[in-house]
Amino acid sequence: MTARAPLLRIEGLSKRFGGLTVTDDVWLDVLPGEIHAVIGPNGAGKTTLINEVSGALAPDAGRVLFDGLDITRLSMPRRVRAGLARTFQVTCVLPGFSALENVALAAQARDGSSFRFLRPAAGEARLNAAAREALEAVGLAGRAAVPAGALAHGEKRQLELAIALATRPRLLLLDEPLAGAGPEETERLIALLDRLRADYAILLVEHDMRAVFALADRISVLVYGRVVATGAPPEIRANPEVRAAYLGEDEA
Amino acid sequence: MREAAVPLVLFAALAAAPFAGFGEGYMLTLLARAMILGMAAVSLALLVGGAGLVSLGHAATLGVGAYAVVVLDANGLTDATAVVPVAVAAAALFALATGAVSLRTSGVHFIMITLAFGQMAFFTASSLAAYGGDDGYTLYARTGLAGTRILEDRLAFHYACLGLLGLAYLFCRAALAARFGRVLRAARENALRVRAVGFDPYPYRLLACVIAGAIGGLSGVLLANAAEFVAPSYLSWQRSGELLFMVILGGLGSLHGAILGALAYVLLEEWLSHLTEHWRMIFGPLLVLSVLFFRGGLAGLLAPRRR
Amino acid sequence: MSWSLLLVQTLNGLQFGILLFLIAAGLTLVFGVMDFINLAHGVQYMLGAYFGASLAAATGSFWLGLLLALPAALAAGLLLEFLVFRHLYDRDHLAQVLATFGVILFVNQGVKLVWGAAPLHMPIPPLLEGGVEVMPGLQYPIYRLAILAAGLAAALLLWFLVDRTRAGMLVRAGATNPEMVSALGVDIRRLFMLVFGFGAMLAGFAGVMAAPILSVEPGMGDAPLILAFVVIVIGGIGSIRGAFVAALLVGLMDALGRAVVPDLMRLFLAPSSARQAGAAIASMLVYVLMAAVLAFRPAGLFPVRTG
């Protein structure tokens, strides 16, 4: 691996809820074009970490650098506009909007002012074209007109990805994109993520170990809010501390 | 085209009403009142149905508009070219200031804080001793238009109300369908989703408050002129509740529903109050029943069935 | 303004505050546990006053009136819960606001139909007539002190029930985390009814106690209701402690404001307009307080729900 400047740097991030430390001095980075997976047992603080990086939650200490810029104090919308898009563990779409309009809204965020009052947004060709392109990329083009609330679970996961892509990000924060997907959907989503790696750096939180080891360039293991190991998949597989943490979890 | 049918018929009926048996002074007064409250209800529907912001203090914006007419009247300014811009700007400013604070909260707290601001406006109006205080203020005459007294004519006033109602309706409808409205509607469904694609909902919601306030102010000007009298009761929380009821009665999904709701409300109130002195005994349960069983509202009843 | 007036107004404020607390307690519990916004809670207070006044007149005894009014208020509350409110628990706040608004219209008018529009009067019981010297040369009515004492006793009882009993524990748990309580296998409907009935009775009790010092008339519950909402929003929804603190705060602010503000206004205005403007500004103060609290602490002074 050549020495590239990381796109995302997490420096000493910490967060406490009452007496509970959920993020404990986390250091982590994501290189351009890399899939960096974060794994860990339930309650390890993976989603909290994503929330802190995406701006949904303010950390108590530490910094988040994106492309060399300190974004720790930026709001979530500002981070998205800087090129940092996320998906949610629990599906977060607009159920009453069509799939196309869900994505078109994201495209709208990157297409000039939205303080426009007279022209119907549904008829804006440029937004619809961008939305169609993103739907195409995730393989959902055929379902563009369906209300998002009526999509199957796996399709909603795909739609989330399309929405994230339409914000024209440079880094994707994916919070368990495979959660709740059936075996077939899982295959499709893994193939899709594999295609996305060409264009985006990805910070991936995932429970499905097969997917993680198939996709990740590097893996970090989070236990009780601490990073206990970071390395290439084979190193992680061989790491005794990781095995202990996971075996302990499996036996329970 | 079919979606436009109901509002088209509605506006055509209102335009034809004076020549279709509703031309008497008494009926025209009633219709004018319905159209004016309909305009306020449309602006409230923009907030409630469009942005998902349930305001229980919207009558205050009417009140600000109406009291602007009073204050200018007392100072000898009675021409629409001065009255309307001042009143609308005052109501918009009021909405801007109260909205900026209220939007820091959400849900029930939003309902309550708008109620509180409404009450503040109500007590302010009661304290305006120079403008009648609790007893209200009788206007010397209706607002003039470019030096003429044309609004004194019932028919002209009818069409002035109708025209302004049409404009307000068309603007709100366009705004809701446009980019601005798409952000509002999306934030109503799921604010987190909207933030996660890069929009902060706050400025959009605040502007929605200001637009609704401005239109509310305009209907306040008309209401003051229709009655040639303004009182603090225009700003009471009961009036805000009535406006909300008109919006719901008409159906949350559409703006023209708010106009239907206002028409139905005003006519029903008129009819019931002729029937019995205790008409609220009937009206109250009707309200409860309509909430419990009539979820789509009047517009839902008239809308073409889908699927 | 003299110190004695200040003392009297402080006592009045505390006494008004404690009445507000009795109304707000039921409201905040119902709100906290059931997420139900009940505009018609003020109706309970009004019914309490009417039941108390008419039953005292019928039996010739204040005490019998009070004793009989409580179960009557409870029954009225449970009847409304059964007929209307329980169908609204699953609905959104907007539907709840409107339907309970309809209930207000109905009951206010119904009271007018049954008891007439003229105010009723409930005599102070002989035992509590007259005054005590709270300061050399300053008499304060015993009855008002009795209200204060009775209110404090009721507050204590409430604290005991909520803090020390199993049902109270469930209520507290329900306010913090409603899903958990139903997951525990508790019959949530029965718990709701219990809370509701108790809240209705407390408000009814406040109504009876207030009847001898206020005029008992239709709509008398509306103003205290709005203030009770202000109280629970300031205190933090679902928090009894918050409601207690906020009720005293609002009561004191209201009473002292009425005494102080007109005097202050006299510095700027002529006496007659100072009185009117001052009174209105004084009634505005509590809403300013609420807006300020919400602007800086959107969840109130004692937030209950953490998630």
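Miscellaneous remarks
Letters A, B and C mark the chains in the order given here, with residues in each chain numbered from 1 onward.
Operating definition for what follows: a contact is a pair of C-beta atoms (placed from the backbone, for glycine too) under 8 Å apart; a residue touches a chain by one contact, two chains touch by 3 or more.
Here is each chain with its UniProt name: A = ABC transporter ATP-binding protein; B, C = Branched-chain amino acid ABC transporter permease.
Everything numeric here is computed off the predicted structure, so don't read it as measured data.
In terms of the stated touch criterion, the partners common to subunit A and subunit C are B, listed by label.
The most centrally placed chain, judged by C-alpha centroids, is B.
Relative to subunit B, the chain whose mean Cα position lies farthest away is A.
Inter-chain spacing, taken between the CA centroids of subunit A and subunit C, is 50 Å. Mean C-alpha position of subunit B lies 31 Å from that of subunit C.
Between subunit A and subunit B, the centres computed from C-alpha atoms are 44 Å apart.
Residues of subunit B that touch subunit C in their complex: 48, 54, 56, 101, 104-105, 107-109, 111-113, 115-117, 119-120, 123-124, 126-130, 133, 237-238, 241, 244-245, 248, 278-281, 283-288, 291-292.
In the complex of the two chains, the subunit C residues touching subunit B come out as 31, 37, 39, 84, 87-88, 91, 93-95, 97-99, 101-110, 112-113, 222, 226, 229-230, 233, 237, 272-273, 276-281, 283-284, 287-288, 290-291, 294-295, 298-299.
Interface of subunit B with subunit A (complex): residues 171, 174-175, 177-183, 185-186, 189-190, 192-200, 204, 207. Put simply, subunit A touches subunit B in their complex at residues 54, 56, 75-77, 80-81, 85-86, 88, 92-97, 101, 104-106, 108-110, 113-122, 124, 163, 166-167.
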